[in-house]
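Structure incoming, see below.
Each chain gets a letter, A, B, C and D, in the order it is written, and its residues are counted from 1.
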Amino acid sequence: MTSTTAPRTPPTTSTAASGISSGAPTVADVGPAVVLGANQYGKAEVRLVRVTRDSARHEIEDLTVTTQLRGEALADSYLVGDNAKVVATDTQKNTVYAFARDGVGAPEDFLTRLADHFTGEFDWITGGRFGALAHSWGRIVTDASGETSEGGVGHDHAFVRGGTETRTALVVVDGDRRWVVAGLEDLTVLKSTGSEFHGFPRDRYTTLVETDDRILATSVTARWRYTDETVEAARTPGAVDFDALYERVRAVLLATFADVHSLALQQTLYAMGRRAIEEVDAVAEVRFSMPNKHHFLVDLAPFGLDNPGEVFYAADRPYGLIDGAVIRAGVAEAPAAWDAVTPFV
Amino acid sequence: MTSTTAPRTPPTTSTAASGISSGAPTVADVGPAVVLGANQYGKAEVRLVRVTRDSARHEIEDLTVTTQLRGEALADSYLVGDNAKVVATDTQKNTVYAFARDGVGAPEDFLTRLADHFTGEFDWITGGRFGALAHSWGRIVTDASGETSEGGVGHDHAFVRGGTETRTALVVVDGDRRWVVAGLEDLTVLKSTGSEFHGFPRDRYTTLVETDDRILATSVTARWRYTDETVEAARTPGAVDFDALYERVRAVLLATFADVHSLALQQTLYAMGRRAIEEVDAVAEVRFSMPNKHHFLVDLAPFGLDNPGEVFYAADRPYGLIDGAVIRAGVAEAPAAWDAVTPFV
Amino acid sequence: MTSTTAPRTPPTTSTAASGISSGAPTVADVGPAVVLGANQYGKAEVRLVRVTRDSARHEIEDLTVTTQLRGEALADSYLVGDNAKVVATDTQKNTVYAFARDGVGAPEDFLTRLADHFTGEFDWITGGRFGALAHSWGRIVTDASGETSEGGVGHDHAFVRGGTETRTALVVVDGDRRWVVAGLEDLTVLKSTGSEFHGFPRDRYTTLVETDDRILATSVTARWRYTDETVEAARTPGAVDFDALYERVRAVLLATFADVHSLALQQTLYAMGRRAIEEVDAVAEVRFSMPNKHHFLVDLAPFGLDNPGEVFYAADRPYGLIDGAVIRAGVAEAPAAWDAVTPFV
Amino acid sequence: MTSTTAPRTPPTTSTAASGISSGAPTVADVGPAVVLGANQYGKAEVRLVRVTRDSARHEIEDLTVTTQLRGEALADSYLVGDNAKVVATDTQKNTVYAFARDGVGAPEDFLTRLADHFTGEFDWITGGRFGALAHSWGRIVTDASGETSEGGVGHDHAFVRGGTETRTALVVVDGDRRWVVAGLEDLTVLKSTGSEFHGFPRDRYTTLVETDDRILATSVTARWRYTDETVEAARTPGAVDFDALYERVRAVLLATFADVHSLALQQTLYAMGRRAIEEVDAVAEVRFSMPNKHHFLVDLAPFGLDNPGEVFYAADRPYGLIDGAVIRAGVAEAPAAWDAVTPFV
C-alpha cells in the first residue's frame, strides 16, 4: 500500500481535540512519537443495478462499486477526528448512484468518471482507488428459436445470472498519474489430461509420486494492467473499448490453459500471461494467483478394481498456491497500482 | 423428518455399557423415560470427479454425494454405542468411489445404484437418503470455429465450470417404497419490467408504496418429485432419461419466469410449478422457495435528477421469502420424500 | 412442510386474471388439474439491533428475525396474483422494528408477540412461522479490574461479539395451536481423547481401521421443543424464563459431550439429548444434526517419526453426518413444529 | 508484491521445451519480449491440529498454515516447466506435519522454524512467506466449580471453539532479512454511544445528516509488525513470548476502541494504533482495515413512535471502509513485509 500521504506526526498537546476520553495520556506525555502512514477511506460494495430501457429490449448492468479517497488533508480525521475534509462515505455512495443515471458502460470508464469527479470536485482529494466487480447476466431464452420481437436472441427483459467468474476493474489515481487494472476471479478450469508433474527434488519429507498424467484444475484469479498508452488514450471517450479488451484477454487465458501441455501449473500460468501480452497490445503486465486444486486418484485396489485415471477425489484443503507476474519487457513498474489491487492489510 | 424407526426406549440398567462416565445417573435412577426418535447417519459431501476417457474426447462428471442410512437395528449405536450394525461412514465413502468406477450417468441413477446396494447388502439397512449436487462443466472453446479433431465443439479435455446454479438429486428409500426428487438451487433470475405489486392491505405499519412497474429478481430453489410411475419405470436401466427431464423442467421454469407478467412473486412461483406439471408428465409436484431480492429505485431527486426505473440499489437483507408447493391433482402425498429433502434439523 | 391450507385448484378460465401473458394456455385448455399445496410467505433476515439505554450502562440485543405467514385466504396471491390478503413483507419488517420499540427480551417472547399480532390483526392469517437468530455480545473489559462506575464488570457501552455459536428460536402457530422450538448452531466442540470407534461390520468396501483412541469433533446443531405445558405457561408474561432455559440446556449439552466416554458419535448425541430431557423439565424433545469432523492421525513413519496421537490433519470434506431425535416418553408428536424448523425445500 | 527474483526473459527458441502444443508461436516468432516478474509458490491452508498429551490434562493447538517459497532458481518452472528446483507443495505439507511432532508453540516460532528449514535445506530457496491462522479453543466447564483433577479450570480433554476472531501470524524471509507480522481478523466490536459524526463537507450529492450520537461498529482487521530488535531477539528460543505480545496488543486495541470518544472511525483507528505502539515496545507499526458497519436508526414516526437511539437496522452493504497505518517514528519501512501480508493479487 502506497500513498501520497507523507507520514505525519499528530499534535502532541490538545487532549480534548484528540477525542481521547479524559485521563488518556497525550503523545507528548507518554513516549514514543507515532506517525500516521498510508491511509484511505471510502464506501465499499455499493450494489448498483442499472437498467437501460430506451427500447422494449432492455439492457442490464450490475456492479458492486468501491471508492476510496486519499489526500494529505485527510490526516486530521485520523489524528484529531476533524472531518472538515472528509467527503462522507454516504456522499460517495450517492455519487455512484447519481452518476449511473447518465449510464454506466465499461466499468473502467465508469470508475474513471468517478475518479475524475472526486479529484476534481475536492481539491484536497489527490487520489484514490476506484474498483468494481461486474456481475454478468444473459437473456433467458424462452423458446427453441430464441427469436424475439426485436429479432435478437433471448427475452427482451428477462435475464439469468451468468457464469461463476466475476470481472473486476480498478482505476488508481495518484495526482496526475493513473492506472487501470482489469481482471477476473473464480474462473474455474480443469484439464482431464495433458498435465504432468515430475522431476522435482526429493528430501526426507518427500513422499509424492511422480506422474505423467494427472488432472490439472485451478480457479484463476488474474489481473492485468493496461499500458500507459492505453490509459492515456482512454481519456478520449470511446477511444478504448475496455469490454472488448476484457473479452479478448479472457478468451486467450482460457485457450492457453486448454492448449498448453502442462509440466507444472507454474508453466501454465506463465504461458497464459505471455500469450495475453503477445496477443493484446494494450496489456502491460498480468498477475496471477492460481490454486492447484488437487484431484487425487482414488486407490480402488482394496476393492479389486483398477483405476486408470477415471475416479478422483476432489480435495478442498490444502491446495497448492502458485503466484506469478508476467511483464511486457520495457514497461515501467507500477507498484502503486498493484498495491491498490489487494486489500489494504 | 420421518423414519421407519419406531421410538425405542434405551436399556435402563447398564451404566457401563452406556458409555457414560462413572457417576452419571442411569435413566432408571433419575426420572423420565426417554426414547430415541427418527435417526439416520452417513457420509456427507463426498467429492467425486469422474473422467470418462474411452476416446480422446473426454467426458467429466462432478458430484458431491451424501449417503445416510436408516434401520431399526441402528438404534443400539445411539443407545449404547454398539456399532455391530453400523456400516462405517468411511465404508460408505469407499462405496461411492468404487461404484463410480463403473460410470456415473444421471445422478438419480447413480444414487439408485447406491441405495440398492446398501439396502441389499445389509439386511438391517431398510432405507435411507441418497443425495447429490451435480456441478456443471462446459468445454473450453479455443478458437473461433470451436472445431476439434472429433468434429465437436470445444476442447477434447479442457473444461470450464458452468453457470451459477446447482442441480440436485435425491433418492429416498423406505423399505419397498422409494421416491426420486430432482431440483436446482441458486438459479438467479431477474425481470427488468413486467412486474407489479399493489392491492395489498394497509395497516398502521404499512408504508410500502404500490407500484405497477418494478424489478422482480429471485434466486430459485426448486425441487420436483417424479411420479411413482416414473420411479417404477426407472427400475429398468435406461428407461427414464433423468438428464433430459432435468433440462426440460429447467427450461420451463426459466421460460415461465420470463413470460409471466407478474402481479406477485407468489403468482410467478405458482405459474412456474403449474407449467412444469403441465408440460412434463413425469413431474408429480414441485416445491419452491424463492427470495424476493429487492431492487430499490434510488431517489435521485435530491441531486436534481429523475429516475424513470433506471438506477437501483440491490439490497442484501432483509428479503421477501416466498414458499409454495404445486401439486398434480390426484397424486398421493409423499411426506417421507419431502422430509428427506431438507436438513434433519 | 405442513400447512393448514388445503390444496386448492386454481380457476380454470380467466386468462387475463392469471397474469399469464396472452397466448398462454389456461389450465382448462391444456390438461392436468394442478393444485396449490403448502405455502407461506414473509420477510426473512430482518437485522434488528436494540439498545436499552435506561441508564449509563447500556444493554444490547441483536437478532435476525424472519416472519412467514400462512392462511387459506392467501391462495389467491399464488393462483391469480390477487394481493388483497397479502400483508406486505415490507409491513412485516416494519412491524418487527416497531415492536422492538417496546423492548425485545427473550427471542421466544418477542416472536410470540409478533405471532399474536399478525394472527390477531388479520383474521385470515391463521398461522405462521416466526424465527430468530440471536447474536451474542459481551462487554469489553478495559482494565485488569474490569470495574465500572456501576460496579459491574466490563464497559458500560462497548461490546465485543461473542462466541461462534448462534442461538435460535422459533415460534410456530397453526390456529389455536402453537409450539416453541429453541436451539443452537455452530457450537464446535472437540475431545482429544475419550473416544473409540470399533466393532463395525466389514464388507468388501471397508478399509477403516478400528481405534480405541481418536479425536472426536463436531459442530453441534441442536433444536429442542418445549413442552406444551411450558408453552401454555408462557402465555403469562414473565412466567417462563426462556433465556435461563437456553443457558441450562446449552450447559448440559456441553458437559455431556465432555463427560461421555464415546464409543460412537451416535451414542454421544443420544446421551446429550437424554441428559437435557432429564435435567430440564421444560424440554419435550431434542433433535440433533452433528457432523463427525474427522481428524486424521498423520502418518509420520516415512519421516522416521512416530505419532502417538499428537499430530492430526483436520479434514473439511467428506464428513460423517449423524442425525437423531431424543424424545421424552409420552409427549405428543409435533410434526408441524419440526417441519417449520427446516427450510421449506 | 516484491520478490528478490529479478525479471527474467524466457528462452526464445525451444518450442518443445516450452510445453506449448505444436504450432504455438515462440516468443522469438511473434513479438514482444516477455519477462517473469515476482513469483512464489507453496501449499496453502494446511489444517494442523496438535494435541499435547504429556499429562491427563491435554493441550490443543489448531493452525491453518500456508508456506510459499521464493528464489531465482524457481524461474525455470514458470518458463519451461523444469521442476528440478521445485520443492513439491506436497513436501511442504509433509514438513509442516513433521515439524509439529516436536511441538508447535507460538505460531510465529513455528513459522520461523519452517522458514529456517526451507531456506536452509535448499540453498536455492532464498526466501518466502510463512503464514498461519490460529484458531482458539477453550476448555469446556462441566460443573459450577469448574475444578478438575489437576486443580485447573475446565475439562482435561474436552474443548469448545473460542470467539469469532482469528489470530494471524506471518514470517517473511528475503535472504538474510526477516520480518514478523502478527494480527487478528474478524474482531467485531460495537459502541452503543460515544460516537459522533459531523463537520464533513457538503456538496450536491450530500444528504447525510450530522449526528452527535450514533452506534459505531466495526470488524477489526489489524496487523502489527514487530521491531527488528524483537525479530532479532527471537532468534534465541524462548527469548520473545509472542503469545503474550499478542494478548497485550489485542487487549489494548479492545480497550482503546471502548475508551475513545469517537468523532470519526478514522480517529478511533489511529488511537488504537497509537496506543498499541505506546504500550507495547515490540510493535513497530500497525495497519488496520476497518469497515464502518452502519446501524441505521429506524424511523418509527410513521407508526406514531419515537426512537430515541434504541431501534436500529444493521445493514450489510454498502459499508464504510477505513484503512490506515500507524507507525512508530524512526523505524525503517518494510514494504516487503507488507506486500506479503496481502494476497499476491
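One rule holds for everything that comes next: contacts are C-beta pairs under 8 Å (C-beta built on N, C-alpha and C of every residue); 3 or more make two chains touch, one makes a residue touch a chain.
Which chain is which protein? Per UniProt: A, B, C, D = Uricase.
Everything quoted here is computed from the prediction, not taken from an experiment.
Placing every chain at the mean of its C-alpha atoms, the farthest one from subunit C is found to be A.
More C-beta pairs touch across one of A-C and A-D than the other; that pair is A-D.
If each chain is reduced to the centroid of its CA atoms, subunit A and subunit B end up 33 Å from each other. We define each chain's centre as the mean of its Cα atoms; on that basis subunit A and subunit D are separated by 20 Å. A separation of 37 Å divides the Cα centre of subunit A from that of subunit C.
Of all residues in subunit B, those touching 2 or more other chains are 47, 94, 98, 205, 207, 259, 302-303, 316-317, listed in ascending order. In the complex of the two chains, the subunit D residues touching subunit C come out as 47-53, 58, 60, 62, 94, 97-98, 100-101, 137, 140-143, 155, 157-164, 187-194, 215, 254-255, 257-259, 295, 298, 300, 302-303, 305, 307-316. Across the interface of their complex, subunit B is touched by residues 204-205, 207, 302-304, 316-317 of subunit D.
Within the complex, the subunit A residues that touch subunit D are 1, 7, 9-10, 18-21, 24-25, 27, 30-47, 64, 66, 68, 74, 77-91, 93-95, 98, 121-122, 183, 197-203, 205-208, 221-223, 259-264, 266-267, 269-271, 273-274, 277-278, 285, 287-289, 291-292, 317-330, 338-339, 341-345.
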